[in-house]
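Shared chain: chain A. Partners: chain B in the first complex, chain C in the second.
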Partner chain A sequence: MVKNISALIGHDDVTKLVQFDVPDGEPGFWDKQYKFVVAGEKPVRRLDGMEKVTGKAKYTYDIYRPNQLCAELVLCPHAHARIVGVDASKAEKMPGVRGVMLAENLDAAMFAGWIIAMVAADTIQQARDAARSVLVEYDAQDFVVLEDDAGKDDNPIRKPSSGNPSIKGDVEKGFQEAFAVHEAEYVTQTTPHNCLETHGCVAEFKNGELTVWFSTQSLWSMQQAVAGYGGMPLNKTRVITEYMGGGFGSKLFGEQFADMCVKMAKKIGRPIKFMANRYFDSVACGNKPAAKMHVKIGAQKDGAFTAIRADCLNYPGFSGGASVATPFRSHYECPNIYTQETNVYTNTGLSRPFRAPGRPQGSFGLEMAIEELCMKMGLDPYEVKIKNVDVSPLDPRKYQFEVGAERFGWKKKFKKHGSDAGPVKTGVGCAVTYWGYSGDPGGAVCRCTLFMDGSAEVAIGCQDLGTGFRTMAACTAAETLGIDVQRIQVLTGDTDIGLVGPLSGGSKTTPTVAPAIKSACYKAQQKLFGRIAGDWDAKPEDIVCRENAVFNKENPEQKMPWNEAAQKVGSNMIVALGEHIPPPDVEGIRIGTGLRGAQFAQVEVNVETGKISCKKVVAVQDCGRAMAKAQAESQICGGVIQGVSYALFEDRIMDSVLGRQLNPQMEHYKILNAMEAPDIEPILIDVFDPVNCASAKGIGEPPHVPTAAAVACAVCNAIGKPIRSLPITPYKVLEALYGERR
Partner chain B sequence: MNKFEFAVADSIQTALEELNEHPAAAKVHAGGVDLVGELKHYTAQPDIVVDISEIPDLKWIADDAEGTTIGASVKLIDVIRHEAVSKKHAALQEAASVVGSPQIRNMGTIGGNLCQRPRCWYYRDEAYHCLKKGGDECFSVAGRNRNHCILGGGPCYIVHPSDCAPALIALNASVALQSVKGKRELPLEDFFILPESDATRENVLQPGEILTYIHIPAHAGKSAYIKFREKEGFDWALSACAAALEFSGKTCRSARVVLGGVAPIPWRVRSVESYLQGKEITEETARRAGEMAVEDAMPLAENANKVLLTKAIVKQALLKLNA
Partner chain C sequence: MPDKKGNHSEIPDGVSRRSFLKGMGTGAAILPALGKTVEAADLENRFGPEPAPITLTINEKIYHLQVEPRETLIEVLRNRLNITGTKVVCDNGSCGACTVYLDGAPVYGCMMLAVKAQNKQITTIEGISQNGKLHPVQEAFIEADALQCGFCTPGFVMSMAKVFEENPKASLIEVKQGLAGHICRCGAYAQIFKAAENVSKRNGG
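And then the complex of A and B:
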């Protein structure tokens, strides 16, 4: 059974009326004609904000279990070593020590920070003292930690591994057709995630069940992981992530330290807590990998691209792979594109996904190449870039570019490269972003419970990694039910809720969960309206609730307050489940552009000291429709801030002598502070796209993609010289301006 | 950190006696800003920590016609807020104001700022047994040295991290040092020593000896401190310049110019000082002074641009005094 609905899709004034089928009993689509009351309109304060600022919110770090032991790791100090022997006998006898466990994989340590053993003791200080007393004999091996040294044949780890190229059209022909061609190498740095809350967990066996409090972005896969570590059935394994201090992609995986915590907790019979210190977090818990991109781009006289080629070297650490080439293929229209990627290995910790994996790197290489091409041709990069996204009216890219440029004042601010008078020169840059739709049909089951006092509970087996997920969930429920957001209670962060939810990665949480919430709330309310429909001689689907008032659409005289209607819920409550059910994938009913956005950055560069100050960023972004405007804007600001930090400050510095990271603390690893943050203007553009019933898309990653590129282009515009590697430091500015003269 | 005894001294005398009992194995704690980091990273592993933060005799500021005297345990925030400092010793006030972060200025003391250990990332990592820790190698030479020194280096290439020290030397300050054996006073300039004389320490403090107060003589000049740091808060000087000038009309009568963040000690540039004598501070003299300040610079592989930067910072500091 299906019902056919019509919906107005598109953005701004560019719209199209489409029709599609929706399964019976499922909600319709929040199209352009549907005005939000709660979601996406007025800012709703973060529902758990008070808990967080008062310290009531319990993070994994705050968990203290009765009888709990503290764990510390013994780490290899060498960048590459054979492990000859481990002697823990002294450590085992130290005060407070309850157990020492050697790691698996003890043949060779592949980077400084490799886990050798875990020590559990009554206090963390005792555990640290004992960890220092574990004697390990190493046979140090040749190593390579610097990217420049790693591509050689004598790489002591393994030879580079090349992937197959991705080819569209014929780039050689494209370059021949070009009026101008630019070719250069662009380099990005490695940056650890540095989440506010470091990695860690607490493992406890009690009454035949295993519970792990885990700072994780992926409750359900972590349940499977820890059940495996502890040899436990899944139905006796519980993972809790009530509050979390960020992940950015670094907390999606099972962890060796968690494996050891679980096994030690089982062996010793007491709960074990391990929270990483900054050192371990920085060297061993993931990073955004460095890349070297050889980029060639050609354009016609009017700026239309004829060919783009990128040959990329990626540096994932001692193993694995990384990819940065997607932006070259997806950010601008071009008939001929060739990308090829090679992984090059170093004796450093493995990379992990980091807020739009590979995209900020590729975006930097691509946008800077375009910037330099424009500088060479004497063209305005904005004009060139917008020309190459002008595809079809329903595609929001051109519109976003125009809105952003208008708000930013591009036409007034843009001057010829390097033409501003010194010593403090102003420059502007722009860049685009793209992210594919990542909602996961069937990836979430949400439960809505209506109570007779008019309150409601929404339960989702998911985790709030700090994005404001709970508030988004509450807003979506309140919008669906037509009631105040304060009436909604959100349950999440616990596998015992028993409802599957997505991992928080790939910006898939909101597009997967919001439609499931909408579906569950709609179904629960329809059950309630079924009990009113008889009295009103109406069909349940014609009864709606808006702003706490229930009425019959067909006869608005028939109405009652929500509180009165809710009394019909009775003491048994009304419960319904919902899922993300995609509308049929029929040609022509979807926008089909993923998520798009454009950013504009303004910088000031002091050409005597090299000091760069990012003054302003205008960030235009679509996320379909925002379920919670303030939280969506906050995600944009967060992505921009992290992007400026990546552009100007952050850099993992490896020592070439002993192969250790020299800045694994916050002192020399520079992250921008409030003083360095620009004035950010987030602009959400609604795009009504029936990818799901809520028109919801994720926004965690896309706003982080173009910021560093826009800032780098702005610096180039200011000083008239390209800086082809990140981070753009004062030294590099001075080098670009005066290096040849020195 | 390792286990140690923590002794809270209530007078200079008791502090000195405690220190005298364990001269080699004791550390002095005032604000704890530097020491606690050293303890946590095992760079310092003392048997006893003597706390001097509660000693009343170290916590006062006096100002009279002779000059300004500041006890070693006076917190940076109290230095910044003191009227005599802000009216008479602008360079010190400006320097103390850009130390670390508000939290650090609330806890850190002026004495601690002068006696703090270097921030060299090799020194601060226990895995490197460098010259400063009695080893036989300075890892920065072959390693990563963007932050290291361009003047006065060898065999160790740290930079002195203090902001207050260059300002105080420009202001011709002296320090009093005390041990059970007695008290001595010396110009602050002579307090610091280069690694070529002893790479394991940065100053002349002997075991069992503490810095008790700092004296800035009265003067009729103007002073300024410019610190270049990559972040505007919570960051160390990549390059800094303190300048104190006396003028006759628009003409510079005498000058003291001291660089920070570029050498293992606060680096006085006498060539610049004599060059400025008898000159007006113009864009051109300031630029020339900047060039002279780094004439002897010997940059390492990754810090050649610190030379360019320092030129600009010296110029900025001098032009600030002309404004």
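And then the complex of A and C:
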């Protein structure tokens, strides 16, 4: 029932031979001895590149159904108000208006941007006109929108909620043992996702079925959500996300606007499209929440950490929770760690996961505290940090750190804090990343179909947010089948495919789907090889295909081109399903846990103007083995760019008098552009970890975790003064250097 | 009354949506002072608010259609003609996603009224590949993996194609300046620069 295989696990530098069982009929493991031909080797052209560069790709935003109506929302302008009454009678009579629907939950609006009603009209202009004509009477209430005003004890909206502390060892004892201790408060800002395609959907009832085109990261949970909205059975509810203009975590959940869209489409009997405008998207569709972290850290004379303590305040909006403490517990080795978190509420839109939720905030607080401790002790932060990740040789952390420092030229570039002559001072900083999630066994079912002309199709109900999921899927299939990637067709982005895939969150897509694809393709090909095995007097599992050539491993003389072998598929096709089966549960065969990486940043700070530019980032990252190298590198670069943008520019600004966001539009909300983009060097470190048969891990989130911290440390190194709040602006630089009354 | 002849020369050249709206406000304020004759003439030549007939030349094809005068060029392309390659992202002229050419010059389609684009050659992302062959910039984008979600890509391609049309051997800094009005949220800049380098190299730069 099982076959025992031996595999070389570890990473590029250190390996170990292990043995474990694999169920019969399932593929083996891509260990270090297995050289990739397609996946992770030469760059593969993004499968949907052609559609995207020509403008042919149809996003939800591009869907125009016959007879479609356009919807617009009526939003509350007050940060906190009781809703006394709504009068839509004027709006209902306006030209082109086909319906007005009031929102549920109309007792009180908890932030400026609360949905009051939805208007559907023939054109978007008419819908906007009518939305403006809906009369709403508010009874404005006291509110709080600034984190500083949202007192921990006397919050006017809702009592802060404190979680239980997470305790390892004894921090007080640890601080007593320390040679040096540093303690300070670190603050991060709130940043909306600003996906370029805003949140939205198109809902249509036709022939007794509901179809929703939805810009979503979670096809299947959205199918359940919209079926609920429309009172439809699941087998008559279809969700389509063929192309998607970014999500970054903000498009994982059901949406109130979608509920209203579906209900109105049902009532009016015409398709309805709602795409959020930039204002609604910014104030109400999620953000990376602000945090205040009181951090205390102690180290021995040689830099080994003795204790880390972080007391964190999170600001998730008017409700819910957020968490920033994970990095304090997981990024470095330390015998004594204490973290505690409290959610503090403001009258602002809810936070949502944003590319490694909580991690960039925590990483900033942690790495800056270490940086300041090193500055105090006169130590090189690189030496201190690498000392505290040196655990076991199989764990790639130390190796990654060394590779990155070498490529970055840390030893040559690092100077004592603030010692560069200026006026444009150069500084360098480094930080680590950790990501603890891997795939969900059973979370994906993939289908492989082989055709007699040698082409193949893989199908899976998942979504490509822009990560290159399709390309990853095709590469994994081509690698398994041993054929050119051009022969693979990928079907995805539609619940009608009928094969469940994971939501795209937690960087779980690739580690859940890649093993399912490998399994399906392996099984389909084994069926085919069963038809050849007789002629060769061979066992099907001994027949393999590499670079379009099928041969018998035991007798390499027996061989034929893939095209010839594929003729035995016949006109009925060969179909097989594959799943991500649970990983072998054997002690000592896993490579640490999760994914690791390290980043190095170089900045220039003009101490006369305060201007900061990030010049270079070296990003070392593992994602197990990259299934599609070019796209994995693009993910690293994207995480870094968003990190630099977060560190230096982005900041949601709330007006404490009006209670509204002052910069919901992109012309007032600074995002890094082409002129400010640093030179980025992504370095993928292969890690061979039998967490799944493909050794695949997700790379969307981890590279975003350490960038802002590395940039902040580099600024500190350049000017010799810490800047303890993000974003690091020229004003803060000058303030740090010359005091408030310069 | 909408002008049935499609005559709208009274709308001055070079008006952005903002200054146009501002102009409307000022006009209303001074109207009584100018007297009845001006008012009557204005009404006769006035556009809207009802849809009015206009003619647009898009990717060398001529379209006759009815639009409200307040509709932007990009709204008309997308909502009335289903030409959806060009995206609207910020709708305020600050992200470059809606870049199209007007008589060969790049403009933000969200900042221009459709009525203003008459009698001009409009080129969109759908129109820059010729005879089914990709524009060299489009080819370079795919080759360098210079896109992720792809929503900003049409705008970036339009502007970069223009940079290389003006200087086939454009340097990296010239390309960056040419793209400074664009935002890529996924952060594909490193790959976009690589694509530009490849185009420049192929042109002998």
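Here, the second predicted complex is superposed on the first by the 734 of 742 C-alpha atoms of A that agree within 3 Å, B and C clash if a C-alpha of one lies under 4 Å from a C-alpha of the other, contacts with A are read in each partner's own complex, and residues count from 1 in each chain.
Here is the rule we use: a residue touches a chain if its C-beta (ideal position, glycine included) is under 8 Å from a C-beta of that chain, and two chains touch if they have at least 3 such contacts.
No experiment lies behind these values; they were computed from the predicted model shown.
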item	value
Which superposed partner A:675 touches (first chain B, second chain C, both, neither)	both
Partner chain(s) touched by A:238 [first = chain B, second = chain C, both, neither]	neither
First, second, both or neither for A:657, with chain B first and chain C second	first
Touching partner for A:697 - first (chain B), second (chain C), both, neither	neither
More chain A residues in contact - chain B or chain C	C
Which superposed partner A:56 touches (first chain B, second chain C, both, neither)	second
Touched partner set for A:625, first chain B, second chain C, both or neither	neither
Partner chain in contact with A:731 - chain B first, chain C second, else both or neither	first
Which of chain B and chain C A:667 touches, first, second, both or neither	both
Chain A positions touched by chain B in one structure and by chain C in the second	125, 667, 672-675
Contacting residues of chain A [partner chain B, same complex]	77, 112, 125, 129, 606, 608-611, 649, 653-658, 660, 662-663, 667-668, 670, 672-676, 729-731, 734-735, 738, 742
Footprint of chain A on chain B - complex, ascending	1-3, 119, 121-122, 125, 127-128, 139, 142-144, 146-147, 228, 230-235, 238, 303-306, 308-309, 312-313, 315-316
Chain A - residues contacting chain C, complex	43, 45-46, 48-59, 61-62, 64, 70, 123-125, 194-197, 243-246, 248, 277-278, 465-468, 630-631, 633-635, 637-642, 645, 665-667, 671-675, 677, 679-680
Residue ranges of chain C touching chain A (in the complex, touch as defined)	68, 70-71, 75, 78-79, 82, 84-87, 89-95, 97, 124-126, 129, 134, 138, 141-143, 145, 147-154, 157, 175-177, 179-193
